[in-house]
Each structure stands twice: as C-alpha cells, then as structure tokens.
Amino acid sequence: MEIFGIPHQAFLGQLMLGLVNGAFYAMLSLGLAVIFGLLDIVNFAHGALYMVGAFAAWIMLERWGVNYWLALVLAPLVVGVLGVAIERLFLKHLYGLDPLYGLLLTFGLALILEGAFRQQYGVSGQSYPVPELLSGATNLGFMILPNYRAWVVLASIAVCLGTWFLIERTRLGAYLRAGTENAKLVQAFGVNVPLMVMLTYGAGAALAGLAGVLAAPIIQVTPLMGSNLIIVVFAVVVIGGMGSILGSVVTGLGLGVVEGLTRVFYPEASNVVVFVVMVIVLMLRPAGLFGKSA
Amino acid sequence: MRHSKLTTVTYLAILALLLAAPLLGLYPVFVMKLLCFALFACAFNLLLGFTGLLSFGHAAFFGFAAYVTGWFIRSQGWTPELGILAGVVVAALLGLLFGAVAIRRQGIYFAMITLALAQMVFFICLQAPFTGGEDGLQGVPRGSLFGVLSLASDTAMYYVVVAVFIACFLGISRIVTSPFGQVLKMIRENEPRAVSLGYEVDRYKLLAFVLSAALAGLAGALKTVVMGFATLSDVHWSMSGEVILMSLLGGVGTFFGPVFGAGIVISLQNLLADKVGEWVTVIIGVIFVVCVLAFRKGVVGELLAWMDRRKARTQQA
Amino acid sequence: QPANNGPVRIGFITDMSSLYADIDGPAGAEMIKWAVQDFGGSVLGRPVEVLTADHQNKADVASSKAREWMDNQNLSMLVGGTSSGTALAMAKVAAEKKRPFISIGAGSSRLTNEDCTPYTVHYAYDTVALAKVAGSALVKAGSKNWYFLTADYAFGHSLENDAATVVKANGGTVAGSVRHPLNASDFSSFLLQAQGSKAQILALANAGGDFTNAMKAAKEFGITKNMKVAGLLVFINDVHSLGLANTEGLQLADSWYWNQDDASRKFAKRFFDKYKRMPSSLQAADYSATTAYLNAVKAVGSTDSDKIMAHLKSVQQNDFYTKGKVRADGRMVHDMYLFQVKGTKESTTPWDYYKTVAKVPGEQAFTSLADSKCSLVKK
Amino acid sequence: MTKELLRIEDLHAWYGESHILHGVNLAVQQGEVVCLLGRNGAGRTTTLRAIVGLTGTRKGSVRINGEEAIRLPPHKVARLGVGYCPEERGIFASLSAEENLMLPPVIAAGGMSVDDIYAMFPNLKERAASPGTRLSGGEQQMLAVARILRTGARLLLLDEISEGLAPVIVQKLAEMIRALKARGYTIVLVEQNFRFAAPLADRFYVMEHGRIVQQFAQAELQGNTAMLQEYLGV
Amino acid sequence: MPAEFILETQGLTKEFKGFVAVNHVDLKVRRGHIHALIGPNGAGKTTFFNLLTKFLPPTRGTITYNGVDITHEKPAQTARRGIVRSFQISAVFPHMTVLENVRAALQRNLGTSFHFWKPESSLSHLHDRARQLLATVGLQEFADELTVNLPYGRKRALELATTMALEPELMLLDEPTQGMGHEDVSRVTELIKKVSAGRTILMVEHNMNVVSSIADRITVLQRGAIIADGPYAEVSANPQVIEAYMGSTDTALQGAH
C-alpha cells in the first residue's frame, strides 16, 4: 500500500515521529510560556534544563541503578530544585528590568550548564535504555508503533492539559497571571509573590526536566540536545503566540506533524519548515495563531 | 559629545596602538580577527545600543556574507574588494528580509524571531551546495586588492583591515549622530510618541536593521578574506550570542564598548581554548551572567558613569 | 618553511572530545608523544616538542590553530587527526605555509586526489580503500541494491561516492541515499527514509558514535529484519561498544589490527597497560607516522619541508604498523585488510574480535596513479 | 477610646539613589479620614508606597495597629489589614475586570460583597468580562478602588482616586468615602483635588520636599487658607 | 476658501466584540475653535480620539479632514496632514534634552530624517525656532536640561511645545490637565488658550473650570453617542447632561474641581 507514492509504513512512521517531536515542542513551549507568562522571562536556559533532566535520569541509572519510573519523578524534581536555585540566585535580581536581560541571563546560564556537561561528558551521546514495560512495538496492522513513543505522546498531552487547567482556571492561576504584570502590586494585596514566582520557575524547569527524561530513551543524551531544540521551540512559540497556554500545546503538536510530513515529501526542507511556517504566520497574523492581536 | 577631550585622547592612543601593533610583535592574524569581531560588535550595537532592538540573529548576516564573499573569491575568481562588496550587498538584502518579518513584533518577540530566522539561514548554509556544508568553504585566497596590491602578506592585509575598521567605526558614529540617528533615538526613548510626531517608525527601524546587517556582513566578509575560510561556526546561533556578549560586556550604547568587549572575548577565547577545554563555554556563560546581574552598563559604560559621578561630585564641591 | 633551529615542534590537531575522541583523540596524542620518546626525545640535537589541540570537528578551529602554530610556534610538521573536513582545511594551510602535513584519522580520498598538495601525506587509509575492500566484498557476497546513510560532510560524501563507484563497477545498483548531520542524536527519521527504499543493503557511510548509534536505531526500528546493515568504516572501538552479539559476522576494512603479528601485539600490550583497551588502527598510525617523520628529519639533516617530503616519498617504511611507501600524490600505499567480526564463542581472549578474511595489496586497495586526479601526478 | 491605627515616625525612603522622604511623621486614629496634601512631587505617593513597602530602601518606623511593619515584606504588611489603591491604578491586562475585582485575597472578614460593589459601580458590572485594561480610564479607577473594598482591609490608602473621573463619579466617590467612614474604615487620602478632599477629611497634612510641613484639623480649615494658598496655590 | 469645518465625522462607530464604544457619532469641529469633548467615564472619548488619529480602525463611518476623506490613512500620515494628538499620559523623550525634544518635531519637515550620512550639525538651524517655541510655553531656561528631570507640569508644557512644532492645524488634547496641581492647571489652561491662536483644538477634559473658561463649544458623549452639543452655558444647563455627567446641579457651574 502506498500513500502519494510513499510506502505507507514510511509515511505513517514519519507522521508518528513528527507527533513525538511535536509532543516535545508542546511540553517545552508550554514551560516557556508558563515562565514567560509569569516571570516575563524568555527562559533561554529551558533547553539546558531539558538536557539536565535527561542527564539526571541517565546518571541516576548509571550510578545508582534508579529505574525509569523513579527517574520520571526524581529527575524533574532535581531540575525543579535547580530551577528554584536559579531563580533565587539570579533571576530574582532582574525583576522590573527590561525582559531582554532575563533572556540574556538565561542564555548565559544555558552556556554554563551546557559547558559544564560537555566538560564532564563530552559531546558524543549516552544511550538510555527504553524501560522494560514499554519496550517493543505494537503492530497496529497498518503500521508498527513503538510502545515507548506512544507513551510519550500520551504523557505529554496529559501534562499539558493539567498545566493549562491550573493556570487558566484556578485562583492560583489568576495570581500568577496578575503577578506577571505587576508583581509588586499583587504582593501589596497580600499574596506571597516571591514564593509564588520561585515555585513557578521551579515548576517550569521541572516541566523541562520531565521532557528531558521522556526524551532520554528516544535520542542520545548529549549536552547539546537542548540548545538544538530550543530554537525550534522559540519558533513554535512565536507561531503559536505566547498568548495562550493551550495555543502553545496545539501549535507544538501541529508543527511536529508538519515537520514529519515534510520529511516524507521533501526531506531537505524538514529542518527549516518550522521557520518557514513562522515567517508565513507572521506575515498573516503578526501576533501568532493564538496570540491576542496587539 | 561628553568627555570629548578624553575621548579624543583615547581614540588617538588606540589608533596609534593599532598602527603600531605589528611592530610590537602582536600576532597580526589575531589582531585582524579581533578587529573583524569588533566591527561585528559595533554593527550589532548600532541596532541594540542606538535603536533599542535586540537581534539574536546577527550571525546570519556575518556568516552568510562570509560565505558569499568566500564563494565569489574562490569559485568565481573575484578580487577581494568585489567579493567583500558582494558579501555586504547580500547581507544588506538579507537584513531587509529579516527586518521586514521581524519588525512586526517588538521586544522579546523580535529577539526570538531574529533567532529563528537566523537558524533558518544556518540550515540553508548547512545544506546549500555552495557552502561546503559541515566542512565549510576552505582555502579562500586573499588575492590582490583591486587586482594590484597583493594581500598575501599579513602586514598588507593588516593595514587594509585597520583602514576598513576605522572607516566603519567613524561611519557608525556618524550614523548615530545624523538626523536619522536622532530619529532612532526617539524610537528608543518613546516609540508611540515618535509615531504621533509623524515618523513611520517601522521604516526607520528597517533602515537601521539593514545598515546594521550590512556592516555585520562586512565584518564577516572581511573575516573570510583574512582567515581564508567561512564555516558554520560563523552562522551558528552561538555566534549571535557571542556578539551580544561583546556588546554587553563592553557597554551597550557606547561607541567604544563593543570594540573593547570584542577584545576581551576574543582574547579570552584565544588564551583559554587550549588550557581549559570546554570550560571556555562555562567561563563565557559566567561572564554573561555577571554582566547581566552586576554590570549592565558594561566596562566602558560603567567607566563613563563613574566619570559622570565624579564630575558631578567635583562640581558640587 | 620552518626555521632550522630551536626545538622541532610537531603539532597534532584532532577531535579530543566529540564522537571520534575514542578512536583517536587524547590517546592518539599520547602515541605521538611515545614515538618522540622512543626516538630519544630529540633529533639533530634539537629537542622535539609535541603540541596538541582539539578541533571539535570544526574546520575553522583546525585551520586557525594550524596557522597560528605555523606563524608563531615555528611548527615543523603537523599531524592531522580524525575528521576529513578539518584535514582538508589544515592541508590548505600547510601547503600555504609549506609544512609537511600527515593526515591520519581523516578518510576522504580528496586529500590525495582533487585536493592534493605537495606537502600532504595521507598515511593510514582512505575512502577509496574502504570502498574497494569492504564494498566490493559485500557486492560480491550478493548485496546488489544499495542505499546509503551518509554523514553529511567531506568524509561521508567521499565514502558514499567511492563506494557507489565500486558498487556500480561490480554490477550493483544504488537506490538512493540520505544524509544525516555529523554527531546526530536521533537516527529514526533517516532510517525510516531508508526503509522506504526497499534496497537490500543499508550502507552506513559514517563512523564512530554516528555508526554505533545508527546501528542501534536500525535494530530498534526493525530495519535489520528486511535489510542488511553494513558499516563502511568500523573501528575496533565501535565493535567493542556495540558488543559482539550485535556485530557478529560484520565485515569491515581496516589498515591494521592489534592482533595481526608480534610487533603489533607488543605495541598493543603497551597501549593496553595504559588505557585498558586496545589501540585503534589510527592510534597505531599516529605512532608510525611520527616515527617516519623523525627518521626523515634525521636522514636529510634538517627540517626543510621540501627535502623531507622528497625523502618521505622515496623510502619504504617498515614498522609494526606498515610496510608501505608514500606515492607522488602523497598517498601512503600499503596493504589493507578485510576483517570479519568473530562470534561470541569464537572470541577467546578480551578484544579478540577479528579474523582476517583477506589481505588486499596496496596497489589494489587504493586509487591507482593512473586514475588519480591529483595535479602532482605527471601523466 | 480611639485607637491609633497607623503611626509613622521619622520615615525615610529612597528610590535607587534618590532620597525622597526625609523623616515623615504622622499618625492616624482608627476611623479617621486623613488627607495628605502637597504639590506634584512632594512625596505623598511615596509615603503611601513606603507604608506598604513598595519603595526601594526605607528607614524609620511604620506601626500598623501597633505592629512594626518597617521590616515586613509587602504581603505581610497587607495582612495587617492594609488596602492600597495605587496612583497608576494597576489594573491587570491579562485578567478580566471581574478577575481583577476578585484578585486581592480576603485578609479579614467584613469586606463589601460583590453585589454591593456592583451596585456602587454599575459600569463595572457591565464590563465584567472585558480584559481589565480595555476599560476606560475612569472605569479602571473605579475598579482599582472597588477591589480593595472586598478584602476586609480596615486601613485604606487611596492615591488620587478622583483623578480623571467625571464629576458625577467624583461625587459618588465622596459619598462612598463617607459611607466607608461610617462603617469604621480608616482612610488615608492623597489628593490633588482639594475641593474633593476638603469636606471629607478629618485632618490634613501638608507635605513638601519629603517632609510634613503643616497639619491641621477640619475645623481649622478656614483659618489656614492663606497657608494653603502658599503651599498649594489653592 | 477653506471650509468652515475643519473636521467632520459621519456615522463614526467603533465596536469591540459586540460592545459599541463609539456609536454613530456625527461631529463637526469648526475651524479656529476650542472644542471640548466631555462625558462620563467610559463614554468613548479616548476611543473617539483613537479613531481620529488612526490608532484604531473604525468599524463604520467616515472621517473627513479639510474636505479629504482620511478614514483609511495610517497614523503617521494623519500626523503629517496636521492632526496631532497629545496623550492622556505625558509623552516626551525622557533622555533627550528639552531642546532636542522640540527639535525632534521640527526635524520631520526637513525631509532628511533618513539621511544617515549627514552630521548632527545639519540640524542646528532648527535651534532658533525650537527656542522660540520653548519661550511660548515658558521653558526657555530649561532648554538644555534632560527631560526626565523636569517636574510633571513642565513636561506637559514641553509636550505642548513639541506638538506645536509640528504646526498642527488641529490639535487633539486628551485630558491635558490630568494629575496636575492647581498652579499647573491654570498655567496649562492659559497655555492652551495662547496656542489656540490660528489653529483648532479638540480636547477631552474632566475639569469643568478649564472647559468653562476656554471652550468655544462643547460636545457631550454618553455611551458612545452624542447627547448634547453647543456652547457651555447651554450644555451645562441640559438636564440630561447634568444627570449623566455633572451630577447634582449645585456643582454644575463651578465644576467638581
């Protein structure tokens, strides 16, 4: 069987890989949106935190034999704590300044993290084995679906929906949104904003860390894995418009699929297709697909 | 301008140092590289420091021009000045494209869009047939300026680079103080107000962007001629990050800051590369963080501020 | 030309930290130092110093470093490590500065073909040899329809090209190819593209970490079920990290194997004592090439590049690594081997991985001078 | 017996390096309405901000309900029962008008109900679902006042609340302040609009250059017109 | 002969997601008048200004300026036609000197604003005119001060001087005295009176003292629509206006301030 002259296995396979990539775009752009939304900081270190998440899982496995499921909880926790430390030590001093400083600071942090891991582990990758429970593949008749990848897609969608609900539909979410605009004032109303901001950054970081753990069995765990991804995620964010959490999720998944399809029909363009989409969207809707028009 | 006497003295001292550098035993290739990056940083600063736009994609202009120049000189046998011209023109056109897309959004979005566009250029350079992919364009001959003056010797090349650098530095100072520069200043200070005075700010921003891109392209083109190659490192996002660091470290919005910043960063990389390996990245990162946290005006900026304070104090006394 | 006084400096620029670091890298640098030590630490009464640098597989880093050493350190000779992109770049600088450049780790046949220079020596192996030795064995064994998964840089391109030529010459066909970036982290989508081709053999025109990762991913995605996956450049380190279970029966071409004779075993043991692993052919070649250079310096009585090049091209080398000779185009012509990876049961001692299938004489393994596109070759 | 709800002694405050308040002293009894007068830039806004803890550095003493607040972070100050309505209104763009209204957490019992608030400001009800900053200038001002009435704060710091409002609304605000006073709220008003403040306040403080330079009671208002003329040009 | 009305809107309407902020407004502004636009909060005054200056596109209706339909022009274009607005919050270039602020406006008509190769001295000839303008608003001694350091009232004055530098035919002022102390209010009122010579002014203002003392004509907006239009005495006696805007009758004449 063939679809548009492409064997269906390859076609569906690429689509599937696209969806998996999209799941990562969604999770990372979600974390970015949360942090950006709440701290007004474009967290350039997000990619690095994702990388740290993956390494944390890998190191836990190598050193202490911590299994995947435990790592799925522990590694994001580690990254979350790292995030809290970053917020306390550095970002705290930037509130109220031009958001560009946040971008630059986290860029510096990304370099530090990446450099430190490169120094320690080199740039060639480490492999993390697929957990026993999810190894193997399911033959769906029309295609072979590696179980682990299906799990990644489901897990990421669940995480994204949960986060969306928390921010858009709860009182805590309202504090968070207000806090981004005028933290001082919200604090003057009696909300413990510093604590809230710290935990938010921690949570955003943990989200990146979680994505890292999910990615570890799929790709090589390397110090560069984050920086390669983060720029695409930025483009995703621009396309989606930072306006809505749900927007970043939908856009992330959608672009993953678009990329997968491009790989089938015009592989040479698969690296740039997201950026091309970004240009087109900006031309038609400068505020992004889901952004509130200025 | 402030501190005009001191400024003149400093500039003269630096000019003298530049002219005498080869005689002092400084490695000319190193100084040339440094000057190319200094020029790059100045071009970048024209945008960030004097227009208030943070481009996170300037490597695209630097690197793409480097490739274009390299290709024309190597594969088409053009003379260096023509090759460089081609690089600059292409960078300006690329700047026009980038600008047309990115200027629709402000602030952080602008930064992210330029970054994304630059990444697109990176992938194009990775895959296009004329760039040599991962290997880069190698062995670009320096050739002879206007077909007569051979640049093969480092000394000849050196003085050409110094001349170009000085011309551009003065050019940038002129741009900043020109009537156009005044409008840029208004935009940076209060954009809606500039609009209400009847300035179509997007066009001014675009022109600033194109000028900055062209100068960044010139820096890249010159670098290709000096070093004889153009590679993916030139278009990589980390290069965009580096040029930001240079400006930030030296002092955004000061004339001499970016030059100084480029000097520090390039020297550091040179000094440390062999000794500490990957720690270089870490060190650069740390400098970034320290600059942003404690040193936002940069070395030159802090110096100027300090002199201002001192002047104010002596006036009071 | 290097000045004829002061210490004799030998430079070594290679991938010290990335995906090729195990194959050559810091241990390769150490082999050069051993060669110098074993030579006595000095030549013509001048001390010999070894400079090393990491090029991170970036051509610009490699060539700037080379240029700086030649301008500022009076470098006498440069050894080029892994990665063809960097080697081509360094060859250009060396030619401009007229210093001997011995390329070891890099594979691209361009070094002694289109891009040959009077100062380049290509010492260990090249992509033509890999294609002719490993490629033709595969075609002859019945794998007629090929698809390439190629590392997207000079080495991968050369290897794919040279192998395709061999395949076609032996009556095979090429169904297509897909290129992946150097040091790729995820091969799945490339492999799916390959899977769509329906070719019999998936030839991996890459090396080091890229090769091992592609092998693993091919297994995970079930490619191995209907396609035969073959590496065109496989080092013993790769076999070791994949394990015999995953590589049994794999045929590969190489210039040297630690267990091939007593001299080799002696060298290998010394290496093993320090590194707890066996040397790759490149590490052996690093040692051999350095010795060859030092011998040449001693023989001509100076570090004059032209004299040394003339000498190198006139004498036969004879050591544990090679019994070959450098040709006019800079190609070191020596015997190549076709090895086969042993099964778990056959392997009796640690690192006892290969059995020799064929020994291919240098003249057959490498491009013949008649076919060379090198401008130095008078026809 | 009336109780002192707010006492400020020798309060200094800085924005960055600029020293704005140079030792402010004032006291407010429970249930009182006190008005701070002064020219633009005299430091009235800064005084309110310093009470809540929104300036840079501050020194001296701020006692709220007898508790020293000078070293407390803003959210703890608020929890002492302080409601602050900033001069620039501080309406949140990413929240709807209603979410803005509901935002400040209730810190004590006895706040106004949402229905009471909507009855007082019908515009707000109509625009409840609009993003906060899409409200007109005046509507935003109403919202800014309205939202601190909900929280149960007993000490209200109101900065230029009549600014930019139509005369009808200003009158309504005056009624509102009387009503709040009747309910026992304690209010510190900062006002440029002397005619608005004059009939409302029990006592007045006049500020200049970061210091209190005069104070007088409602009853003394007539006798002080010359002084006010000098300080305020009224 | 120039038309009697410098600005006319016909059926001008602005809807935000179904909410009608400006509702079918037909407004005529007579050349040379000081025309005040008042109305309760949220009536749509600022939105109306935004429509006139093209910061918002109208949903329906047309805007005619000097007989030309400008409904679909861009903000900067209308500015060049001579319609200039001041903002509800003060708009200056804080880190430029007072003189440079005014020069910024004068520079526009020079046509050299894209000339990035010319020296700054090519602008020096504007300084005389700039000083003249500063003198009209009483800022001549402050010419070389950095604008951030000016007190609020003076910033408003500077803004006015800058606006005048554009030689506007029609000035739109949105609450020019908001947030000012009494002295400043009277100064600025005087100033507006002074600069109105030879031009037309349309202003939004809540301070009835100001409106009553200088406005030639008043239009009252409520819920986006005009409810009254005429001279101050007439409008302020209108019971509908009193109810919607002024509040209890006794304060009507003196205003709330």
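What to note about this one:
Order as written gives the chain letters A, B, C, D and E; numbering starts at 1 within each chain.
Note that in this section a residue touches a chain if its C-beta (ideal position, glycine included) is under 8 Å from a C-beta of that chain, and two chains touch if they have at least 3 such contacts.
Keep in mind that this is a model prediction, so the values were computed, not measured.
Common neighbours of chain A and chain D, by the contact definition above: there are none. Between B-C and D-E, more contacting C-beta pairs join the chains of D-E.
Comparing the CA-atom centres of all chains against that of chain D, the greatest distance is found for C. Computed centre separation for the pair chain D/chain E is 30 angstrom, with centres defined by C-alpha atoms. Remark: chain A and chain C have CA centroids separated by 39 Å (rounded to whole angstrom). In whole angstrom, the spacing between the mean C-alpha positions of chain B and chain D is 51. For the pair chain C and chain D, the distance between mean C-alpha positions equals 79 Å. For chain B, the set of residues touching two or more other chains reads 126, 277-278.
Chain contacts: chain C has residues 17 touching two or more partner chains.
Pairwise chain contacts in this structure: A-B, A-C, A-D, B-C, B-E, D-E. Put simply, chain C touches chain A in their complex at residues 17-19, 21, 56, 178, 183, 185-186, 188-189, 192-193, 195-196, 198, 208-209, 213, 216, 220-222.
Chain B contributes residues 54, 56, 101, 104-105, 107-109, 111-113, 115-117, 119-120, 123-124, 126-127, 237, 241, 244, 248, 277-289, 291-293, 296 to its touches with chain A in the complex.
Remark: chain D residues 52-54, 73-75, 77-79, 84, 86, 90, 92-95, 99-100, 102-105, 107, 148, 151 touch chain A in the complex. Those residues of chain A that touch chain D in the shared complex are 37, 174-175, 177-178, 180-182, 184-194. Listing the residues of chain E that touch chain D in their complex gives 16, 19, 38-47, 88, 151-153, 175, 178-184, 206, 208, 243-248, 251, 255-257.
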